[in-house]
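Across the two complexes that follow, chain A remains constant while its partner is chain B and subsequently chain C.
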Partner chain A sequence: MNSTFCQNLPYGGVLMLNEYVVKNNERLSYRIIDGEAVVVNLTDSVFHTLNPVATFIWQHIDGHTMVKDIVSRISSDFDIDPFTAEKDCVEFISELVRKNLLSLSPTPVTES
Partner chain B sequence: MQKAGLFQSIHDKAARKKIPISCHFDLTHHCNLKCIHCYVVHDDRPELSTSEIKSILEQIAEEGTLYLTFSGGEILSRKDFFEIAAHARKLHFVIRLITNATLLDAEAAARIAALHINQVNISIYGSTSEIHDRITTVEGSFLKSLKAIELLVKQGVSVRIGCVLMKQNINDYRNIFAMAEKMGVLFQADHRLTPKNNGDISPMLYRISDDDIEKVFSDPSFHQPPDVHEQIKYDSAFSEIPCGASHMTFSISPYGDIYPCVQLPINCGNLKEQSFHDIWYHSQEMIRIRSFRVPDIPECAACSVRKFCTYCIGLARIEAGDISTPSKRFCTEAGILSKLREGKQQ
Partner chain C sequence: MNTSNSLLLEIGGISVLIISESAELIAQSRERYTNFIAENLNPRIAIEVEVVSDKDMTIRADTGIVAPDGTFDRSTGIATISWHGFTGVFDVNKGTGKMRYTIHPMGLNSFLRFIYSLILLDEPGFLVHASSLIKNSRAYIFPGKSGAGKTTISQITPDRRILSDDLTLIKIIDNDCIVFGTPFWGSLAVGGENISTSVTGIYFLIKDRQNYTKKITVKQALERLLPNIVFFVKENASARQLFELCYTFVNRVPAYELHFLPEPSLWGCIDAE
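Right, the complex of A and B next:
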């Protein structure tokens, strides 16, 4: 995780985040159960359950899709205005980065 | 530490909606030890191939399985074990291993750590070679298992020592607990010996007495408080169903048979012939087990200590002949827990 980037990521830095792709941390497990993502951080065995919108975001985190494209899908699929969609998506992704569940990359991640 | 509420609510939802969230997968029945209490019975059929196992893992992931326990036999006796485990991690399972660890070297420990295996359960039956090796019947197995624990701890892997209590080690289990603490690993003792899967009751010769059960139940290092147990029983789907078998848990044999539970080897279908989805949702045997309710048993419905009972339909079937006939052992244990609870409240 690029800590410098995150430290420089107040809400006003959203344009930078939109150009990034997001990838799941390797130290986690997850499953979509009854429409909700259940995410287990294997580092501390803490469970997280995500609501339907958060689950939608989670399902599009693949190391290739840019944040701005995820935001665009949220706006259209959930009929949410783009500003709110962007704000909520950025806040959610930032929180999961802080919890070490996600990491950010300026370029698509290549699977090894 | 995870709050019991969220964890329990996930399991409760899975049980109510019949989501097969937890799988016990016996990868092999081959083992390099010959433990005197082992319930596994070998079969002459060929075990699942690597590709068959990978396909099964993909199917169960698709149906919602999150927790995956690899067991056996001895899992590390399979040459393709790490290929299987790596595939399981790509499918984002929470993976636990149950192993005697005697085949685990430094390289294997490093690979387990690299795969982010959630926990490794290692069977230890005594605090000395004398006690442990007498139970496994293989000289040197104790020291090999201890060495493996050290290797895993060094790699930062979470290890839990699992100890089945029996006459041969009942006076030693606190020493094993102390040894686990010293090594920085978790400890779990299991007080229930079971017959072999073919009904052979010879392991029961080693079963501990009722007095010993009371001793371990009243030992705070062994048992969780009855209060938590009561909460789980009465605030969830588990107030009527006896356990998760066929509701949210299942097991897979090395030959592809699906059971409601590893302790309840009723063949609900074979994955070489049917899909997991079809077996889980449409097998007549699975549906029959799923329809069983503890209140349907008259003596259980009227029982004053039912909330303390850990009814096991697998044990009921093996010991009493039918899933709906409780083993008297359940009643004894529930009575002991109830008595201990009354003692705490006074």
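Right, the complex of A and C next:
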């Protein structure tokens, strides 16, 4: 699978997102309601409802799993071609990073 | 317990003793919280109130601070707040607090809101910006920001008992959601009655040209309820606790949009539910 280069992330440069792990912001909470994740930014109570694919991605964001592995799971579980799966996953993660709901790390996050 | 220097209140089933050397403050509070004065209870919370002159305050009442600056350290149980001419500190574990303020209508009331927002979490319960009332033995909650119509609903509803026109206290007890009257008022400038009962329904206010209700989903109810929750500190564990409480609440209580005209006829569509 090709690595995705994602512009406009809050790191000031171009990232090879596939090689990163993603972690939830500590100031959020979520629930799965009717198969869709409802994510709330606890700082401002802004509410985000995720579609089923985004919910699947969300449930695999654990600070340890690399983006490329999430993409691979989407492709197999939803029977989506790898390029589309990668595009959807990266767009979703990029958007939530911009909204400060997620952060990226080049290495798995160590629990404090 | 109730003397010229102390006043015992019970709000939401939680008793609070206010102690001050200022007889003026106690007299004012006795009048303001008249529906909530209690006797013969062991206070769960005790607050010492020091009344000072405005020049002695670090934060003056006119500094234009529009949002309270609250903190809560879960490891020590200590919460602090500075707002509208007062500073206060509250020990959640011991149930004791101290505040300094200039005699100001918002002072003690704001500190009580702050304390109750914290102490309710473990009841469990929460405060919500909402008017609430009992009509025909059924309790209704109407959340909304300023201008949404909370006070209007309280004013135009016939044969009702007002729980609050601004700040409603909810507890989740066993499988039930109970709403309590509070002395925290809005434009109506009248405290609620000190009564409680199970919640019949929650109605999100939408001013419209006709009256009708529309049932909404759990997800929609949660989305609309959360911005109306009253909480003053940014502390992750508390915020998550609140989120879970709200989720439990909207799962147990039917929620609606209430499109309404400001007239008593709006009750026709609510009563039809």
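Here is the rule we use: the second predicted complex is superposed on the first by the 97 of 112 C-alpha atoms of A that agree within 3 Å, B and C clash if a C-alpha of one lies under 4 Å from a C-alpha of the other, contacts with A are read in each partner's own complex, and residues count from 1 in each chain.
The criterion applied here is as follows: a residue touches a chain if its C-beta (ideal position, glycine included) is under 8 Å from a C-beta of that chain, and two chains touch if they have at least 3 such contacts.
Since we're looking at a predicted model, the values are computed, not measured.
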Following the overlay on chain A, give me a clash-or-fit verdict for chain B and chain C. clash
Looking at A:27 after the superposition, I want to know if it touches chain B, chain C, both of them or none. Which is it: first, second, both, neither? both
Thinking of the overlay built on chain A, is A:45 touched by chain B (first), by chain C (second), by both, or by neither? both
Interface residues of chain A shared between complexes with chain B and chain C: 26-27, 29, 31, 33-34, 38, 40, 42, 45, 47, 49
Where on chain A does chain C make contact in their complex? 26-27, 29, 31, 33-34, 36, 38, 40, 42-43, 45, 47, 49
Can you tell me which positions in chain A touch chain B when the two form their complex? 26-34, 38, 40, 42, 45-47, 49
Per the touch rule, the chain C residues reaching chain A in their complex are 217-219, 222-223, 226-227, 229, 234, 236, 239-240, 243-244, 247
Complex contact set, residues of chain B against chain A: 1-2, 6-7, 10, 13-14, 17, 19, 21, 61, 64-66, 92-95, 116, 118
